[in-house]
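Shared between the two complexes below is chain A, which has chain B as its partner in the first and chain C in the second.
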Partner chain A sequence: MKIVLNETNKALVNKVIEYGGKRVYECFQCGMCASGCPVASDTDHKIKRTMHQVLLGLDEQILDKKAIWLCTTCFMCLERCPQNAGPTDVVFALRRISAENGIIPEAQIEVANNIYHLGHAVTVQKGITLRAKVKAPPLTTAGSDKKYILEIQKVVDSTHAGKLLKIKKDWKPKGDDVIACD
Partner chain B sequence: MHATEYALYTGCIIPLRYPDIENSIRETMPLLGANVYDMIGAGCCPPGGAFWSVEEISGLAQSARNISIAESMNKDLMAVCNGCFCYLKNSNLLLKNDQEKRERVNTILNKVGRKYQGTISVYHLVEVLHDHIGTEKIKEATKIKLDGAKAAVHYGCHLLRPSDHLMAENPEKPHKLDALVEALGMESVYYPKKLSCCGAGGGMRGNNPDVTLKILEKKLLNIKYSDPDCIVTACPFCFLQFDLGQKGLRDKGEDFCIPVFYYNQLLGLSMGLPKERIASLSETPRDGFIKKFYGVD
Partner chain C sequence: MAKSQSKKKKEDSSCPKIGVYVCHCGTNIAGSVNIEEVVNFSKTIENVSVVRDHMYLCSEQGQNIIKDDIKKEGINRVVAACCSPRTHEEIFRKTLNSTNLNKYLYEQVNIRDQCSWPHFKDKENATNKAKQLVKSGVYRASELEPLEDRKLSVLKSALVIGGGISGINAALDLARGGYQVYIVERDPSIGGKMAQLDKTFPTNDCSACILAPMMVDVSNTPNIELLTYSEIEDVSGHIGKYHVVVRKKQTSVDWEKCNGCGDCSIVCPVKVDNEFNCNMDKRKAIYIQFQQAIPMKAVIDKTKCIKCKLCEKRCQVGAIDISKNDDEFVEFDVGSIIVTTGYDLFDPNKKAEYDYDHPNVITSLELERMMCASGPTKGEILRPSDGRKPHTISFIQCVGSRDEKTNDYCSRICCTYSIKHARLLKEKYPDIDMFIHYIDLRCFGKGYEEYYRMAREKGVKFIRGRISQVDSIGDRLEVSGDDDTLGEQISVVADLVVLAVAMESPKGTKKLANLLNISTDKTGFFKEIHPKLKPVSTDSDGIFIAGACQGPKEIPDAVSQGKAAASAASSLMSKGEIEIEPLFAQIIEDLCARCRTCESLCTYKAIRYTEEDKMEVDIALCKGCGVCSAACPSGAIKANHFTTKQVRMQILALTGGNK
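== the complex of A and B ==
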């Protein structure tokens, strides 16, 4: 494939910088990021390649695929990068750009709706049953009282996150499984 | 001299999926001189996988709301989950040092009658146990010694990285959780790739159940290399991944059944606390370990 570097494909790298991947230009493709990546060998998420694609402006190759959502956010690449180019920061920036384009995986939508409606990333009722079983004291966190959940909703409604994470007003949790928590 | 009182930030998984871990924290810490107090109304931290992944300010504002609850209690915040620690500490640092972000967040918090002031510190339970309390005190407080037991220590990513923000440990050669495990009389064994991810974070467990198990299986094969009696962690999401993930692998016909403990569960058992309250919820059986090393049925 022929790649022409011009102002058009600089749009992606500029946006990545704006959205938190401030040091992406420092990458010199040494591959240290991929060497410690826990998902590189089992998924399409190839962090070294992603860094290069950002610099080349290949937004379709990155944003149309869901590979950036397969990062476990373990920060090993960021920790070990000799250039301090912040590969994890670049992944976060790409996720933010991707979400603006309406691309967001189901697990993220599910967790965000849980937090918005229940105050927690997981369902509350099952937790209350388990607490009784082990004689834990009554729950006092956000999930214990609607007034705290309304606070969280006001905070989220003051940002764009509700729209980006497809938060629905008439939402019902899918189940009691723990989907994502960090 | 460090504080002996902490605002206990329990997060989501501990209070709602493993409340026995919560009991183990509530019951062991005061016996070591560290009193913990409820953060009433605290919500999700929130995690990096969702809110932080779409908009920084939405993650920051929710974290700041939680931190403001500890501030109103005038106590440092103790996180008992790696994810909570990472994002709350990161937010606290960002907000303390960036006036513009602090003002934006406070404009939002003002609507719910709260304010971020930047008056407290965020600590991980491992820091409180190791740096503030110390292993000598733990040795004195634990009557039952786990001599002969071998533990595979799993730190988890968000206790260590990004280290320039978290500053909790040496990111390539951490030692605090090992020292805490050894204070109980156990041997912390070497295994390859000890610092690698359990495979749960960032939305992976929800979005891609097959890959999450693949990463976990690699981790477990490395752990099996040293044939430990148990896995010890101080993160409930890693705990959940080891506990439910091993069950997932067993359901596929694989042989993974290593008992998993949150650190304070072993600490509590070594203090003589009853397992029904502090270590009774798990899919991967632990009764064999408890009977062998504590003599409790």
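== the complex of A and C ==
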């Protein structure tokens, strides 16, 4: 599909800079970020292209594809970038912009709700049961005590992260998991 | 000195005792030639008394081995089987000289460039070839004769052809060194292309601010004679003494009287395209080239003048006489010549896809003139079609460069000057979108990388991929091409398209090359002898090249070369005389029938028939090519160091015939 560049959208790049991708202009498309990216070969997340799209103001291309959500945030690109353009910072900024536009994958919503309600990104109920069965000491993580979870919820509720991440008060975890300490 | 020379001759007349030295050149030679075999073979050749090999024969240690053998073993001919005489002959000759053995009793056999390198896959045959080459060298060496260098006096004056930034630097350096310098410039003023530029990368100096003081310096230097609005008519002679004829085009203005007030231009009714502003505005038929012109003198464009004589009447100093029509000729002699004729720009009409006919498609030099405060728009960037400010500017790189259909070379400066344009414009007009469409960004000079980064930081957008076409859509332009990173076709809707046109060899290069007997390369630029080691020398001794006439260059490189050429010319002229190799033709008068075959064949015009009924060789002009010697029907011409006997022996060795 031919891309027409007419009156470039500067809003995107300005927003990315505001949200932490301060050095996005430094990118000169050498490809160091993409060459070491652990997810690039198996996903649509092409970080070099994303950097270029930000500079050209092609927000629809970036946000609609949702590929930025596949970044593992391993920070390899940020470490290696010869221009210190901070590709990971740009990804974080783009995710925030994307979430503000209501574009956020289901899996991310589930993770956010897991953390909000269980204190864990992934559910651990099976582990808790197994540990009890083999008489191993109980878990002492954020999800092991209601007071920790309440603190997490307090943090989330005091920002607009909850709204962005579509946190539901009546959320029920998938599968056999239960809300901790209930 | 004379004594030792006569002693040398005595030694040489005795039976040849030849030393053969085989160089490994690291693995350059030893990697594909079996050195031991070559050494053993060399021992079997007639007249060879010493054979040795060395890892690096050109090292001091290697040279000392040869010296010792000359002194202790009494060898009187040296054959080195190593690399190219072009780079190493001089070293060996000096070593021979230091031992009082005549330096022309040395023969160099190149078993590297044409043997070990090309035949690296076939060790056996490479070794065989090396043996044959050594044998032919030894055969030739047995017939070598001692020769003495000739001294030639050199005039302490120089001609600089072209008054651009390179020529100005060359001329000033030579003049400061005390030499008389003549600058010949085609335009009415010196300054060249640099005078047309607004700012210069990577420091953004105002071009006029850094150039004008040097131009003034040229006009204030007493030992520089400035011949502007002039062209080279003829050059004859040789290193040390070139006779130059310059055609001074008729200006119809007496420059002794003209005070550069410009009144004549004001009254002149004839408006013509102003070349200095890339034809974007008009000048008059009588004009001063630009505001900082040196000399600040008026010129009448004879092809456009309608002879109304208004200027003649207006001129308060009576400098104008339009009835003057004939060109004047100036003649002088110089010791050396520096060619700094600069470059022309590629004609973008040859790339029809970029629609240069459209008023809003311009070249980078046109943009440069627009950006300049003294340019046609007084520094404002406006669409030529309607004088409105553009919203978007597209820069198309490599127009006529890196393209087999036009020029296959890279013009080297376009990346950085387009970045300069985009950056300067972005500073002045932050709301204009700038796109640079490139295929590789080559910002290689000192400080250029930082320059490029600052352009990115200012928001200039760089898109990798050639542009296929420029089309009109309404009053705007659609620039269609490829975005390599996106892997998609793109089109930019622009108001102004700037073509980064290639640098080409200037008009008249071929003619000047013929006149000076120097070469051009396949790109049309003047050719240096060696791209790395002799970058400003030409194949005519005493003639140097500098700046963009040798190949595309930015200002720092053009200045460096101008200064390099001045240094080369100065070291040639400083002693007032030079030694030249005695490799010239000699007429054996008793055999000569005066048929004058040689005279007609000599490329260098070195042989002529004299009034005394003799054929005479001008040893300064003769290059020792041997054409005359080969063509002489009576064998009356001996080519020094390449005598018939010497060449015949080489052939014998290679063909296995008998002596």
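In this text, the second predicted complex is superposed on the first by the 160 of 182 C-alpha atoms of A that agree within 3 Å, B and C clash if a C-alpha of one lies under 4 Å from a C-alpha of the other, contacts with A are read in each partner's own complex, and residues count from 1 in each chain.
The rule is simple: a residue touches a chain if its C-beta (ideal position, glycine included) is under 8 Å from a C-beta of that chain, and two chains touch if they have at least 3 such contacts.
A quick note: this is a predicted structure, and the numbers were derived from the prediction, not measured.
Trainee: Looking at A:11 after the superposition, I want to know if it touches chain B, chain C, both of them or none. Which is it: first, second, both, neither?
Mentor: In the superposition, A:11 touches no partner, neither chain B nor chain C.
Trainee: Examine A:49 and indicate which partner it touches, taking first as chain B and second as chain C; both and neither are also allowed.
Mentor: Touch status of A:49: second partner only.
Trainee: Touch check for A:30: first (chain B), second (chain C), both, or neither?
Mentor: In the superposition, A:30 touches no partner, neither chain B nor chain C.
Trainee: Per the contact definition, I'd like the list of chain A residues that touch chain C in the complex.
Mentor: The touching residues are 1-8, 10, 13, 25-29, 48-49, 52-53, 55-56, 58, 83.
Trainee: Would you pull the chain A residues touching chain B in the complex into a rising list?
Mentor: 20, 36, 38-39, 42-43, 69-76, 78-79, 88, 92, 95-96, 99, 104-108, 110-112, 115, 119-124, 126-128, 130-131, 133-137, 139-145, 147-149, 151-152, 154-156, 158-161, 164-165, 177-182
Trainee: Taking the complex as given, what residues does chain B use to touch chain A?
Mentor: Residue positions touching the partner: 10-13, 15-20, 22-23, 26, 38-44, 46-58, 61-62, 65, 81-84, 86-87, 107-109, 111-112, 114, 157-158, 160-163, 171, 195-197, 199-208, 211, 214-215, 236-237, 240, 244, 276-278, 280-281.
Trainee: Which stretch or stretches of chain C touch chain A in the complex?
Mentor: The touching residues are 391-392, 433, 435, 441, 452-453, 456-457, 459, 461-464, 480, 483, 485-493.
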